[in-house]
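In the two assemblies presented below, chain A is common to both, partnered first by chain B and then by chain C.
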Partner chain A sequence: MKRHRVRIIAATGIVLAFAILVSIMHLGNAPDPSDSTRYLSRALEETGASNRVAGVYLNYRLLDTLLEVLVFSVAVLGVRHYLQQSEGMELPDLSESEVVRTAVVFLSPLALLLCAFFAILGHISPGGGFAAGVIAASGLLYVAIAHGMGAIEAQLNPGRMARTEETILLALLIFALSPIAFGKLPLSDLLAKGTPGRLLSGGSILVYNILIALKVFVGAWAVIAVFAQHRGEL
Partner chain B sequence: MIARWILLSLLPVVAGISLTQSRRLSAIIGMGLFSLVLAAVYLLMHAPDVAITEATIGAALVTAIYVLAIRRTGRLTVVADEVPGLIAREGDRVAGLEYEILKGFAQQIGLDLSIQFVPLRRVRWLVAHHEADLGAGGMIHCGDAEGTLSSTPMHLATGLFAFSGTGMQQETEPAREAPDYEGYFSELLAHDKQGTLSAAVTSLDLARVLSLGRVGAALQDLARVDGEYGYAFLISRRRTTLQRDYAAYLTQLRASGRLDEMIERHFT
Partner chain C sequence: MGGYRCIRATPGGTLVAAVIAFILFGIGVLALVLRRDLVIKLLALGLVNAATILFLVSIGDRPGAKAPIQLPGEVAILADPLPHALVLSAIVVNFAILALALVFVMILVERYHTTDSTRIEQEMDRETDEEETPCL
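Coming up: the complex of A and B.
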């Protein structure tokens, strides 16, 4: 119990410290929100990402996106905290039909492929880290529905997944703040903008997309797994 | 432009269809379809990023989570002890009088019927702990110390038979060839081997007496117990809505004469 309380306090502290630090350093630099035409006319040139939506939410408005990621992490933490108090139940297995099991064989690899596609190419084509992570978690959920939770839990322990999620979050925050070390403002681009349309373009957007995809995938899966454990479903 | 209007007008239609489904799984599929149409609308409005997010969250993840949520609530979960004639596996399907009643009832209240065969003592435990909605398979409810279990109205009269249980004869071996299921007969055989049979069972209902006869067992000093007994389903005392729904269904089944017709079909 004590450990969880410490964790929650630590998480809240990280969120607050991050928000205050970045707000102070970022506010003077942020583009005028009322000047929306700037986003459209200059996004390509200023961010290097040919998907301008990604350019806006992972460059101009990166602060908003990072706070959104933090909210997600706090939600994962909350679910685990409140569900860990109750004991899991042992129930008879619910078997799934052959149709579902066969469909999963086709659907799950497709989900993983789409996840990689959206995460890696999120800055040049529609997609992005959030969608990619959710797709991968859905793919894993399909496998769990068809074959039972036990098969997956043996490979991916929910507790370890949640710790991995926290580690990825930490990496994300460190990466966002790392430009300070190079004498730049936090949240500014660390990598080269490159030629728009190429894989290596758009500055740090590629790294953010991949990290967010991993984080959302692991976090969503940790939540689903804890729900499943404590209702005994799957 | 026309495509967008067609899709937009499709949205309320799909929403209406999913709202009016009595079967929960169909309603969830309707909601997934709604998300998919909405994603197509976003795509036509040149917002592919939003379309992808809508499709992945609305159609894929939320649908899967809803499916998870209804796996128990959207089903009428019945745990049963296998009793030939009442409810038992025949090849790869389930058959029997109780199965037919349950199938009709599940259909009436818009749930999918899910049957699991478990040993007799697990039936009582699972129903009492709300892990199953009904217990079936020749249940005769004779009160319950903790008061958590109740029973539905009887659907078939039967008799109870007391026996001395001085030992089942060795030709009851067919139970060894029975499916790998720890049930009533295997329990009896285990008690027989340990010599604790008379302590374990002192009376049997008609269906089990007949079943034991079918596998070649001889029960000594069989005598009918006085009193009116009948088969019913076990149900938790707290599931009052389900009790009322089932009682109404059974009354209707009896009034229409379909219950008698079913009994006749299965037992003559």
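Coming up: the complex of A and C.
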């Protein structure tokens, strides 16, 4: 009973702390760091990306984003490691209805097309690598729901997918460090800024978006595949 | 790119978003601490994350601002892109935490056949007691 009371007090404390944070940010003197004004006034010239958010997380704060990709990789590694140790269930191969199988023929290519759109145009319109990767993985999930996991695993070997994921992560890190070879600081922009609003603008952001989209696609698919294998079927 | 204008915030809308974020956060934290079911706890963690994201988006906003996507030569009040970039980290970290935590819950359920955290603790205590008894 005492433990229960301690929990209630702790929960109320956390909620009150959040309430104070909300009121400080909204009602009091909200802090306006000079960085934010810089991102608003000069980001377009400094990054060349019309999408300011992409400019912040793939140029000014690229280190944060790279570590974020590492966090994602560690999570995928952990899920794979722990679920492969425990035994999966054996369920019969369930085939979905004709309606689902017909809908997937339209939905999956659409998902892959949206992935390409968000990854390639992430620096000039809403989108970006993370969203693109998740959309492509969900496109593959539709196929798995309609035709079963076996159909996808016959095409995409899980072991090869794991190696592909590690290769993309390595390529991302090498690309981030490659400016050293050209006498620049690591993580700095290697490609030309270009005219903002054009496809070839924003420097390296386009390359990072495509690499992150591939990485998140393979990683998210690995998580889905391991959960599906463990359960027997989707 | 006139289409993005429809996302323009209404004056006072950010405060409403912050209040909603606070309510969601409160529900999430209370459920996280008080409910005993591990799956409900994970859902509550997701709710806390959603509240945090809503809060970050709301502090990035300013009256009359539009989404931070600007073409050269276009003059407009833009939302602060920095909290929007932080939201991305929040989403990815939440995905990582939820996926790993779900795996741990699955392992616990396989071993103890329940999602009730108190019962799992009792079972674990009993197991340690049984291990210690032969030594005495």
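The rule is short, and it goes like this: the second predicted complex is superposed on the first by the 196 of 234 C-alpha atoms of A that agree within 3 Å, B and C clash if a C-alpha of one lies under 4 Å from a C-alpha of the other, contacts with A are read in each partner's own complex, and residues count from 1 in each chain.
Please note the rule applied: a contact is a pair of C-beta atoms (placed from the backbone, for glycine too) under 8 Å apart; a residue touches a chain by one contact, two chains touch by 3 or more.
Please read these numbers as outputs of a predicted model, since none were measured by experiment.
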item: Which superposed partner A:Phe130 touches (first chain B, second chain C, both, neither); value: both
item: If touched residues of chain A are counted for chain B and for chain C, the larger one; value: C
item: Touched partner set for A:Ser138, first chain B, second chain C, both or neither; value: first
item: Which superposed partner A:Asn51 touches (first chain B, second chain C, both, neither); value: both
item: Chain B versus chain C as contact partner of A:Gly197, first or second or both or neither; value: second
item: Which of chain B and chain C A:Ala225 touches, first, second, both or neither; value: neither
item: First, second, both or neither for A:Tyr39, with chain B first and chain C second; value: second
item: Partner chain(s) touched by A:Ala75 [first = chain B, second = chain C, both, neither]; value: second
item: Common interface residues of chain A - those touching chain B in one complex and chain C in the other; value: 51, 53, 126, 128, 130
item: Partner chain B, residues of chain A touching it in the complex; value: 51, 53-54, 89, 91-92, 94, 111, 118, 126-128, 130-131, 134-135, 137-138, 141-142, 145, 220, 224, 227-228, 231, 233-234
item: Sites on chain A touched by chain C in the complex; value: 7-8, 10-11, 14-15, 18-19, 21-22, 25-26, 30, 33, 35-36, 39-40, 43-44, 50-53, 55-57, 61, 64-65, 68, 71-72, 74-76, 78-79, 82-83, 86, 124-126, 128, 130, 195-197, 223, 230
item: Of all residues in chain B, those that touch chain A in their complex; value: 48-49, 51-53, 56-57, 60-61, 64-65, 67-68, 71-72, 79, 114, 116, 118, 126, 131
item: Chain A contact footprint on chain C (complex, rising order); value: 1, 4, 14-15, 18-19, 21-22, 25-26, 29-30, 32-34, 55, 58-59, 67-72, 78, 80-82, 84-85, 88-89, 91-93, 95-97, 99-100, 103-104, 106-107, 110
